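Next come two complexes built around chain A: one with chain B, the other with chain C.
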Partner chain A sequence: MTAIGTPTKLLEGAPKVKGSLRFCGDLDRPGLLHARLVTSPHAHAEVLSIDTAAAEAMPGVAAVITAADLPALPPSNRATLLLARERAIFVGHPVALVLAENEAVAADAADAVAVDYQPLDAIVTIEQAEAPDAQAVWPDGLPGQSEEAAAHGAGDVSEGEEAVASSPNVTNRMRFERGDLERGYAEADAVVERVFRTASVHQSYIEPHASLIDPDPMGNGMTVYCSTQAPFFIRDAIAGVLGMPQDQVRVIGTPVGGGFGAKFVLYEPLLALAAVQHQRPVRLVMTRTEEMLAATPAPSTRITIRAGAKRSGELTALEADLAIDCGCFPSSMTALAGTLLGSSYQTPNQAVGGFEVTTNKPSVGAYRAPLAPQAAFVVETVLDQLARELDLDPVEFRLQNASEKGTPMASGMPWAGMGQRQVLEALRDHPAWQNREQARAEGRGVGIALGAWPGGTEPASAACALQTDGTLKVHISTADINGTNTSMALMAAEAFGLDPDKVTIATGDTSSGPYAGASGGSKTIYTVGPPVIQAAREARQQTLELAAQTFEADPEDLEIVDGAVQVKGSPDKAIPLKKIAQRTMRFGGRQAPVFGHGRHAQTSQAPGFCAQLAEVRVDRETGRVDVDRVVVIQDCGRAINPAAVEGQMMGGALQGIGWALYEEMAYSEDGQLLTATLNDYALPHSAQSPTELETVLVEVPSDHGPFGARGVGEPPVVPTAAAVANAIADACGARPTELPMTPPRVLQALNGGQ
Partner chain B sequence: MTVSIQLEVNGKPVQAAVEPRRLLVHFLREDLGLTGANIGCETSLCGACTVLVDGNAVKSCTMLAAQADGASVTTIEGLSQNGELHPLQEGFWEKHGLQCGYCTPGMILSANYLLAQNPSPNDEEIREGLKGNICRCTGYHNIVEAVKYAAERMS
Partner chain C sequence: MAVINDMIPDFELYQPESLDGALEVLDRHRESAWVLAGGMDTFDWFKDRVKRPEAVVDLGAIPELSGISETDGGIEIGAMTPLTAVVDNELIRERYGILAEAAETVATPQIRNQGTLGGNLVQDTRCWYYRAGWPCYRAGGNICYADTPESMNREHCIFDASRCVAVTPSDTAPALIVLDAEMVIRGRRGERTVAAEDFFVGPAIDITRMTVLQPNEVLQSVRIPDTWAGADFYFEKVRDRNAWDFPLVNVASAMRVEDEVVQDCRLSVGAVSPVPLRMERCEELLRGQTISEDIATRIAELGVIGAKPLRHNGYKVPLMRNLIRRAIRGQAPV
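Up next is the complex of A and B:
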């Protein structure tokens, strides 16, 4: 093999460094209307009236749309919520949409829309929402549930469903149980019980949501340009809301300037309604404040955990109860959360479960390994504490109880093959762990943690065509998330047998391209790779058969070397690939073009594990924490493009530091977001990234992944906050129980409180 | 009401009449079609819109086009010379200092300003110098490597 495993620069690197790549917000159309949202300033309010007259009278304003102009759909998620009718249910809930000739006029007009609200009491916290006598966020009953959790690898949501909700806001209650907890605690030599909280955080892609809807002038549907991880989801959502055939909605994915789980479907159906109504192209590029107020952040959680272990290191019991604040719509993520809480370690006695609550806040979305950083923060810090109390080596303690292939996950389903043990062993043997006393002597605390991501599955298809210039064109329809196309090219090159420089990627739209799922759940390479390889192999076989006719030889006796087909070992009579292709694409030609196809349904997951070590300094006076070093050790199955894999690992770890120390969507008692700009919402900057950020690739081939590859995007964000928390404890003994671990929280933990 | 401005953009003279409130970033993107400067936050915090104004790194979302009257502006589109990538552009690509590419133009221009002030910065100076540009994808490590790569080639 030559292509696979070679660090390779991004295919689309040149337009990215030259600034010539066209993001959605760069696109224009004749007659383009610029959209701006008018959003609710109240977390919960009755909308008494909307006066659009002043806005509509402004020069350059084409229309002001309100709910009265839209179909009255029963809202089941944010894509169908459209505009507020009688009630606004979160700060940022759109109540009107302005369409104007330019951005400035649209913003002016949005300010001129006068909405009369009657503010109502809002449900803001988990405690308010779960109270038996709580006011219902949905007085007429909870709406349907999203499909997103399934895309991110959740198990069967209905499993473990039990107990009638006590509060009207409690939903998706589930619990996975096995063994006898009381016996487990009785056998334990140490039991740790704690309550943790994690803040809502924002995915904070730097490119805001952007979409441009271009209605067909003949009235036959529309073309949608959209920065999305999921072009086919956008198509289905728009077709569903507008009640039109899916084929009339052609979605062209534009380059995604960061998504991290948040760019699925948001306001595209609303914009499509507006564009079709007014028969003009409509573009919405969200502002940062709209992103903070009116997108889909990650949920805040409260997790109660109790775990026990013997002095011998045997984990005897684990119980965890999780409450997820999913904002105004259910998110269907509790089964996934239970899996994440109770699957990495084996204990005979276990109960993990939880529920979601709806609140008057924006409904939550996926963010890079949804619920996994929260689960790891809780489980891994408690294991660390148990190890300390029982005087056990924290790595050996984890190894002793580690899950492995075939052992049960929380749900009882068996684990697929994975490299949990291998990443822990690599951590144990790493110099940073071996020499930890030196770091301690220099005043730094050293912490470790493990993170898991079960992995996603989905069917996908692809095609490969040999071109008349001797290159191979790969047809796929996946959103290229940070280098996945480059890896597709490497896999196709490897399978066909030509140089990766000779492979191009043609990304199709939802009307012309082969199906692929959303680029999310760490499954892009895992699910689209196999059909790409299959298509490239078929194209290779066809190419050899064409050449065999010329050589009057058996295809088995031919090989492809340096862009030409030859009889094995006889380069002198080689036929260039371009010549073979040219014969198949000409007037009167007699040979069929080379066109390989691939189709595959990945049905089993390829779990990804990541172990991390963090070294931190804690200022005992101020509570400030600085992360000096992070070692990221990950089982990627097989690194198709090691440069891209390492990029994911480092980027994930820094997002993990954001979780650990800085990022928080803070809300006031009445549901106002207090961190609505990047001035208040602290994204890690370059001086907060560890000066030593090291990656170690472990390769335990997955059972069904392309060349053994596993998903790599999500695992590296999972253990970081836990590793930092354990390093803080190592440095100063403080065990903060709330993310982010801001200086006041660290100080409080140092002073004995929680 | 409009204000008449004359300036140089990527070495070429530009004359325009702009609304007094028009931001430099909107002027560059919408009036001149130079969409390399991206908008990420509108509040001068993310740095995606960074351009060079008379050699200084400026967040073009917090400067009015009218204030650029008489100035010389360089955007990412004006960085490469004679079709050759600038060493910083080369470095960001070569060292995998970019992923989604949205912060990249601003990051490269901030790095360009940094290298003009300090042609051979150490890691810490690079990290300090790029604090005003947020990257959500890379973790910054490879961005530091990219800047060092360029510094070596430019010295």
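Up next is the complex of A and C:
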């Protein structure tokens, strides 16, 4: 078979291109109510009163819901925050929910809801939040935490730390340490120390959050149509908030027009409460400005880093301290941050970690390799600077200190099998790197960087059934956010032994489908692939056994060729698969249907590494940066569908260019988002994509992945900003320490920080 | 202020077929009327529900406002002419290339197809506090949110700060100032013309407007004399992305050079002040000079004298200086 590794068009590609694919926002139901959020214009305010009378009196308004109409749950996360009760804690915090017969009326009514606020001081920056005497974002401790945790400033998990005066907003402090930093610095021939800042950025999926809650007319729960990466999360969250059995909440994932980590659970429980209260279907499609204000962007960070190396190229010490602005709820990402900062290179003496702060901003969410682009930006630019100061080849320097299978990550846990060395070697041998002097002679700077993503794990299940038309139906419940269904079909085809065109994917809902985790963490193929293969193999075995009864042969002597089972080498007496299936699905039939199942717990990570090279031109008089070329070199383990893998690599690098040069959620001193539209929030468009964008697939098979595959979605966004930063430094000698590297910042760096 | 709406509130829409008809409606509604050209500025305001006029007067159906024609000694461009038509016009490209070049840096092809020259000139400022609906001076309040010690003001002015520190966002304005263009304004009592450089007003004169246009007036056309036809032009716009974005700073220059000596010149800089600046002092010093790196640098240094950056826009000073230098001596070799 050759299904695996064949560039294959995506199953949903044609309907997407033709515009015939239906998204959640396209769905209608009889009696549908359109929901509109009324949101706080203040980053922090006491809600004195809400007057809904004028809005409710408007023709076409079904209801205006406020916190008074909702259960008083402890708001421990965004799903349970529901509507503001007494205090609004970020700009965009929903205060009321309008339900109306059409969208225009809903908008007018939302406008007519009069909320009386008493504005309060807001915590907006990391510096404000971490000050020992800072006002607490959660004065009574984080809701839902134990009393003891709450007493420790909303859940500071530090252990063995010296008792330092800590702000109530500082949470999840942690640090991985090994060796002796002082000795490491003493041994170093060069030490670089810098403070970096990265902006909060938005995932900016094309399709905004959308969900439609349809209460069962018999009062038996609800059906939820939702653009989500995580249908089972939605089910659990709604069931939890409404106090319903899981089975009463049937979540049907609709096609996802981009998620990048942000489409887990947001306002679905609130909408479910509204729909059940009013026993009518309710739909919310967020506007772009709502997305910017009231969703879950990626956090801004401040990272202090100090690293030392010997003239011989040996890294001797690395210390990194990261502060994450998590918005109004902690996000528990510091352990991951420590891993990302201190694992790609083997430094004998290191201390990496950080803490989170809560602020009066929307709580943050995941965004494609959360915290990895930030970590790579600082580590890779500091390595670049060390290499420059010590006159070392930047690729050899990285290779010399590279981690490998079995060497410890920052936490001390050993690395699983990975292709870090191989992607660096492929970069070293690539013509773009080999010929870098020519690029420099032509006025371009050349920069490289490495990105790592440890990869996710999770159990999953799947089933495969042979159909009476000779096709194989694969039952899974994964949200296909980037073409994974197509790859599942390729894997099932390969495992069963039939043409991929003859495989269909049936995506189940949370009531009918086999379990799969959220589509995130670059683990969909890695975790759901094995049960799909197992199910397809079992179905194949059952099929052969059924045919063997007809042939009166040993199943071992049979093969599947061109959609039919035959005795090996005897095509003249082949039985078509559809005939075999038909015998199992008919009145009075005597053979059991072919139904293979697969269940697997993927417990070991398959790290993904991506090395990138960027060539840029820097205009020294204006600070303008043009990216002429990006080469994306990635270890994908095994490319199940190389077309999809390359698409992920290109998309990741383009998003990385957004991180590097353009995107920033800029907040005013009062916590107002100043970039609340796509006019002010600068996404890269086609005109900002590099003139040359090349992908190089490296295949170092993972230990446990299907056909050796490993996750590919996240790694390609990780090193881009760092590679561009290093290319800027190579081009003009200036090194911006803040993302995005806009013309003003590059110009400032060129003028020595002025 | 976080306004979350994509739904435009109700208004009365007028689509007059003559300029007189439009003026009559405007005269009737005065301050509660809104002139709609291409809509590229307008619809943001409406969708954000920050501006809520009672009457919207769409100029799109008035034939006399559109088109480019050759006149005795120059050209006249109707205010409703799409920017794309300005970019593509042979006459403009040949004789007033700087205008085509400036128009082509506006936003994106789609926006240039829909957006008009008049709209690009009279559009409102992009101050992000003001656009978000905060009750600032310009919006009738009593504070400037962009000019406090803590404000975020990377895009604001370094010259002529008054109660408002927002800047002119137009890319075509500096080009038209350099070309010595004239703005033809129509009101019910007839026509008046204003030099391009006098068309724009700063907050010290009227904080609620960006131009001299009164509520019952319409910009009818732009007349460009042949004074600078075929001169040596330079235009450059620096922005965050090489599409979409408004200028961080833009610069336009026209020069007549003979035997390497500058006979005459005009220079204008946008996005550094509430109005596009004509750099007359630089022009005076440049006349009679032989262009050199040294002269360009010295004049550029003079050009930024008096700049008063705010907290986050200090970069505009070297950026403006470098752009003036380039406008004089052209791009430096890499």
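The rule is simple: the second predicted complex is superposed on the first by the 729 of 754 C-alpha atoms of A that agree within 3 Å, B and C clash if a C-alpha of one lies under 4 Å from a C-alpha of the other, contacts with A are read in each partner's own complex, and residues count from 1 in each chain.
In this text, contacts are C-beta pairs under 8 Å (C-beta built on N, C-alpha and C of every residue); 3 or more make two chains touch, one makes a residue touch a chain.
Bear in mind that the values here come from a model prediction, so they are computed numbers and not experimental data.
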Point to revise | Which superposed partner A:G243 touches (first chain B, second chain C, both, neither) | key: neither
Request  = Report for A:A110: first if it touches chain B alone, second if chain C alone, otherwise both or neither.
outcome  = second
Could you look at A:E621 and tell me whether it touches chain B, chain C, both or neither (first, second, both, neither)? second
After superposition on the shared chain, which partner residues are touched by A:V256: those of chain B (first), chain C (second), both, or neither? first
* Go through the superposed model and pick first if A:F23 touches only chain B, second if only chain C, both, or neither. => first
Note to self: Under the stated touch criterion, which partner chain does A:G752 make contact with: chain B (first), chain C (second), both, or neither?
What the structure shows: neither
Task: Applying the touch criterion given at the start, work out whether A:G483 contacts chain B, chain C, both or neither, answering first, second, both or neither.
output: first
*Once the shared chain is lined up, is A:A14 touching chain B (first), chain C (second), both, or neither of them?*
first
Check your understanding: Looking at the overlay, what does A:M650 touch: chain B (first), chain C (second), both, or neither?
Key -> first
Chain A contact set shared between chain B and chain C covers 103-104, 287-289, 677, 679, 685, 687
Chain A residues touching chain C in their complex are 37, 39-41, 91-92, 103-104, 106-108, 110-111, 287-290, 293-294, 443, 617, 621-624, 626, 661-662, 666-669, 672-677, 679-680, 682, 684-685, 687-688, 742-745, 747-748, 751, 754
Chain C contacts chain A in the complex at 1-7, 9, 44, 48-49, 108, 128-129, 132, 134, 145, 148, 150-152, 154, 236, 238-245, 248, 313-316, 318-319, 322-323, 325-326, 332, 334
Seen from chain A, its contact residues with chain B in the complex are 7, 9-10, 12-23, 25-26, 102-104, 204-208, 255-258, 260, 285, 287-289, 481-483, 643-644, 646-647, 650-655, 677-679, 683, 685-687, 689, 691, 693
Per the touch rule, the chain B residues reaching chain A in their complex are 19, 21-22, 26, 29-30, 34-43, 45-46, 48, 75-77, 79-80, 85, 89-90, 92-94, 96, 98-105, 108, 123-124, 126-128, 130-144
